[in-house]
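Structures for review follow.
Note that chain A is present in both complexes that follow, paired respectively with chain B and with chain C.
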Partner chain A sequence: MTQHLPILAIISLFIGAFIVSLIKEKNTTLRNTVVLIVTFASLIFTLMMYKPIIEEGNVLTYWMGNWEPVQNWAIGIGLEVDQLSLFFGLFISLSIVLSAMYSFKYIENETGKDKYYVLFLMMSASVMGFIFTGDLFNMYVMIEIMTFASVALTAFRNNRPEAVEAGFKYIAIGSIGSSLILLATVILYAQFHTLNLAQLAGEMYNNYTVASIFALALMIVGYAVKVFAVPTHFVAPDAYMAAPSSISMLFSGIVNKAAVYGILRIIYVVYQSMNLPTMQFLLIFWGTVTMFVGVTMALAQHDFKRLLAFHSISQIGYVITGIGLTTALGITGGLYHALNHTLFKGLLFLCAGAVFYATGTTDLDKLGGLAKRMPQTAFIFLIGAFSISGIPPFNGFVSKWIIYQATYEAGYAPVTIVALLVSVMTLASFIKVAQSAFFGQLPKEFKNVEEVPLSMRVPMWIMAILCVIGGIVPNIVTKYLVTPAANAVMNASRYVEAMMGKEFASKFYNNLGSAPVIDYKLAGYWQPISWLILFGVLLLAFTLVAVLGGFNPKHFSYADEEDAKYDVFFSGESSEFSHVAGSDLFWGLKYQFRHYFDFMHNIHSGIVNDYALSVVFTAAVILLYVFTFVR
Partner chain B sequence: MLLMNYITCILLIVMGLYTIVMKKNLMKIVIGMGLLDYGINLLLISIGFKAGGTAPIFTIGELKSDSFFVDPVPQALTLTSIVIGACVTALALSLVVMINKHYGTLDTDEVRRLKG
Partner chain C sequence: MSKKEIKVKNYIIKTAADFFAPIGLILGIYVILHGHLSPGGGFQGGVLVASAAVLIYLGYGYEKATKTLNVNLLKKSESIAALMYSFFALLGIFYAANFCRNVFYNVGKPGDLFSSGTIFLMNFAVGYKVLTGIGFLILLMFGLLNNEEA
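Showing the complex of A and B:
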């Protein structure tokens, strides 16, 4: 039974997609039951792998159709699940279940629900297939199914022009990325005549050729397009904004994470080139730029979901920086942040979905005061916002803390400073969202909005509770989830050994199966429990003041003149009131850095040719970089 | 002979990328995506080719150690890749139809409601 678990976790979702397409519109209850059963089945199969893989430290392998290797030569398609795959599999299958639960009510009033669930299950299944496979071409096929389903789901509300436009941009840019991955796969096959990841890793060990370095550069760019790293990120906000929120959650929670997994698997296991300082520098630089550009663009947004999308890009920058460090602490931080990002960003997207469900808009200029009408959503949103901003005692703090320490230890102190700055700006922009969506005045047209139904609140609560747990007991989460995964990343020889046998692996690796010890000396110099108490006291004080009437918003009559707000203030006032809209909280900052913001605004031109050009440009730069420095 | 294949597929890939980057018509961008795909498919089928090899179709009894045939794996991969490429083209074209319905134009300079 145990050896069949990987294929069962994948195939149950594919079978579900098939069954749902047969049911069609006829029977909603039956369809929802099938979706719930298959997603839960996938989660349970994944959980059942926890004991053999993470507790006992085995690596599960499965040859499709029992085509086992002949004379150390892989001839069939293999699935291989090690600690890294399982780590990703666990939180990915959990977010699939939560998103499915949320979808039932959320898309109740849309048409084409049967197609929605077919695509939903196809996307989920392809991501599970992507992280459990041990075959290079299979990775390409799965990521292509994933892109395909994502594009169709982006354009799901196709009565809205934005959705269709975003869908087209996504498929144009996404297919360039997939093509680069396929091209790299072809080149590697031409060189080594195998597609099995383990065999490739063995053959390529200390045996890089010009072709394999060319393929490495193409692979990195291809997966960077899928992960939305900065010069290739332009379609991300469009797609996240246009898709239904339950799907936006999966975009940031599983589609992005699959690409992160792809980068990890290719760079650490297949190429093992990460001990080269030049590759390290490339990823850290890339991650830092990504986190900075993402957060500054988020400051300028006026739409709830578009703002969240830019934050998603920014947080992925942290993950890339963490995994680029190559130290055990850095990889631990990167992986922990990937897990946390799935939780809190999923939570925030679900909150945006709840706001949309209740009010019919996500425009921050129109929203306001929703905390009165939707207290639970507002509370959950605050948990998510505190987590993403890295405020103790929530989970974002732990992973960001590890990343700060790891970057500083590795000698990248400027990166630490940028990371801290980005964290502050993240908090700033979430204060803006909280203030303009949930606090302040309640517009008249939203007087009668109601809290979202229970089946939508349950997934949000589950994620919120997980966010708090991840922040209070970080030592347990690292010990039982993150450290085994980080060990698997650092120790590629075990992956090769499990797939191709000891005899094959010992030809290339001298010390089989020795895991580097992770040094936690610096991690965890903080007391989550006392932070929790402090947080509770502050919250109590805040509530007390609010109850006693300390924060009652005054009603102003705004003057028409707007220019005065940019003037330097000496004395007196040129106009009595300057109108600062709720979503424009940081107008001063935006004005001072207007040249930067204008430049960024012009770059995000909305023209698909420019976006494609930036991908080609990135590919050219990375090729040049890799050929100049990585030899 | 094989060199010709490689030159052609590189030309196709470059032409595909050029079309996607430079052409302002959405239909032409879809054609560019197709060209990029065909270039890679041609590369994929070429790397499995061996001059003088037969088709890789044998029963167990016929297969001898001195049988000389072309590599069957790239052929299977190419078929998969062609199918995926056809799906992508179909989806992209259906999106183009929807864009035309909503915007009344196929010019990329005007299909840019999402920006900034």
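Showing the complex of A and C:
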């Protein structure tokens, strides 16, 4: 039974997609039941793999149709699940379940729900397939299904012109990325006559050819397009903004993470190129630029979801920096941050969706004061905002702290400084969101908005609780999830040995079975319990002041309250509505850096030709870099 | 289908369509069914069958083609075919082998039509999926062409 779990986790979602396409659109109950059953089944199959893989440390291999390798030559398609795959698989299948639960109410009033769930399940299934496969061409097929399902879901609200436009941009840019990956796959197949990742890894160990280096550059750029690293990120804000929030959550939570997994698998396991300082520098530099540009663009946004999209880019920069360090601490930090990013960014997108569901807009200049009407959403949003800004005792702090330490230890002190700055700016922009969406004055058209239904709040609460857990018990999370995955990243020979057998692996690797033990200690001054107590005390004090009326200025009221016309005097300062809108905050910063922001606004032109050009430019630069420096 | 109802502009194309559509159908179905014995298989045969839809469109126009071929049925059939494939592939797991494993392969005489176990059925499911999927896509695209002309 155990060896069938990966294929069952993938195929249950695919079967769900095919069944849903047979159900009539009006039959909501049946469709929701099917979606819930298959997503839960996939989660359970993934959870069942935890014990054999992470706890006992096995690597699960599976040959489709029993086509096992003949004379050390892999002819069949294989699935291979090691700790790294399972680490990604666990939180990906969890976010699929949560997003499905959230969708039931969220898209209740939209048309085309049947197509939504077909595409939703197709995208989820392809990501699961991408994570669990051990075959290079399978990876390409899955990423292509993923891209096309994402494109269709981006354009789901096709009554809005910007959604259709974003879908078109996404398909153009995404196809360029996929084509690069396909070209690299073809080159590797022509060179080594195999598509199996493990066999490729063995053949390429210390044996680079010109063609394989060319393929490496194309692979990196192809997956960078999927991960939205900076010069290729332009399409991301448009797509995230136009898609429904439950899908934006999956874009940042699973589609992006799949691409991060792809980068890790290709450069660490297949190419084993990360012992080269030039490759490390490439990823660290790229990640640092990505995090900086993402957060500065986020500061200037006035749309809730667009702001979150830029933050998504910025946080992925942390992940890339972390995995580029190649030290045990760096990979641990990168992987931990990938997990945390899925949790808190999914949470924030769901909050944006809740705001949209309740008010019909995500424009921060129009929103305000929603905490009074939607207290739970506001509270959950604060947890998400604290997590992403790296405030103890939430999970973002832990992973960011590990990344600061790792960058400093590895001698990249400037990167540490940039990372700290980015974290501060993240906090600043979330203060802006909190202030202009949830606090401040409640505009009168939103006086009657209501809290979102329970089925939308439950996924948000689950993610919020996981965010807190990840921050309070980081040593448990690292011990039982992240460290095994980091070990798997650093031990490519074990991957090869599990898939192709000892005889094949010993041809290339001398020291089989000796995994580099990660000397991991949460160095620093991290005492989660005392931070939690401090946070609790502050929260108590805050609540006390709030209850006593300290934050409740009475001197602002609406000019046209019901009873205003019966007042004798109703004009004057007290009746003026002076809402501090989202764009008003940080105007000084925006003014001081106006040249930078002008430049950035100009290059985010919205013209798909420019975006495509930037991808091609990136490909050219990376090709030059890789051919010059990587040997 | 009485011949008076059909308005055609070009008798050469209509005659050619009448002549080639059955050949395309028969050849396509032959290729699907003999996928395990001869070159070709589900995908190739499915595309051949779907070419009949193109011929009907060329010979008789879009309206006749949509009347002859039920678009909704094609759409549903594609999902059913995908489910069929998943089911036959999962049979491998139920019979204590791996996913996609060919089971019952020693039934019948080698070289006969029914001699290859579930691989025959999987091949058929692929063919069914491709012929319905491509047929549906072709009708969809011709529908878009028609709208632009109008």
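The rule we apply is simple: the second predicted complex is superposed on the first by the 594 of 631 C-alpha atoms of A that agree within 3 Å, B and C clash if a C-alpha of one lies under 4 Å from a C-alpha of the other, contacts with A are read in each partner's own complex, and residues count from 1 in each chain.
The rule is short, and it goes like this: contacts are C-beta pairs under 8 Å (C-beta built on N, C-alpha and C of every residue); 3 or more make two chains touch, one makes a residue touch a chain.
Given the structure is predicted, the values throughout are model-derived calculations rather than measurements.
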With both complexes superposed on chain A, which partner does A:Asn66 reach: first (chain B), second (chain C), both or neither? second
| query | Does the superposition put A:Phe18 against chain B (first), chain C (second), both, or neither? | reply | second
Examine A:His4 and indicate which partner it touches, taking first as chain B and second as chain C; both and neither are also allowed. second
* Is A:Asn158 in contact with chain B, with chain C, with both, or with neither (first, second, both, neither)? -> first
TODO: State whether A:Asp82 touches chain B only (first), chain C only (second), both chains, or neither.
DONE: neither
Inquiry  = Tell me the contact category for A:His601 with respect to chain B and chain C: first, second, both or neither.
reply    = first
The chain contacting more residues of chain A, comparing chain B with chain C, is B
Residues on chain A touched by both chain B and chain C none
Seen from chain C, its contact residues with chain A in the complex are 75-76, 78-80, 82-83, 86, 89-90, 92-93, 97-102
In the complex, chain B touches chain A at residues 13, 17, 20-24, 26, 29, 33, 36-37, 40, 43-44, 47, 71, 73-74, 77, 80-81, 84, 87-88, 91-92, 95-96, 98-99, 102-103, 108-109, 111-116
Interface with chain C, chain A side, in the complex: residues 3-4, 7-8, 11, 14-15, 18-19, 21-22, 62-66
Per the touch rule above, chain A residues touching chain B in the complex are 137, 141, 144, 148, 151-152, 155, 158, 161-162, 164-169, 171-172, 175-176, 179, 182-183, 186, 189-190, 193, 195, 237-238, 241-242, 300, 601, 604-609, 612-613, 616
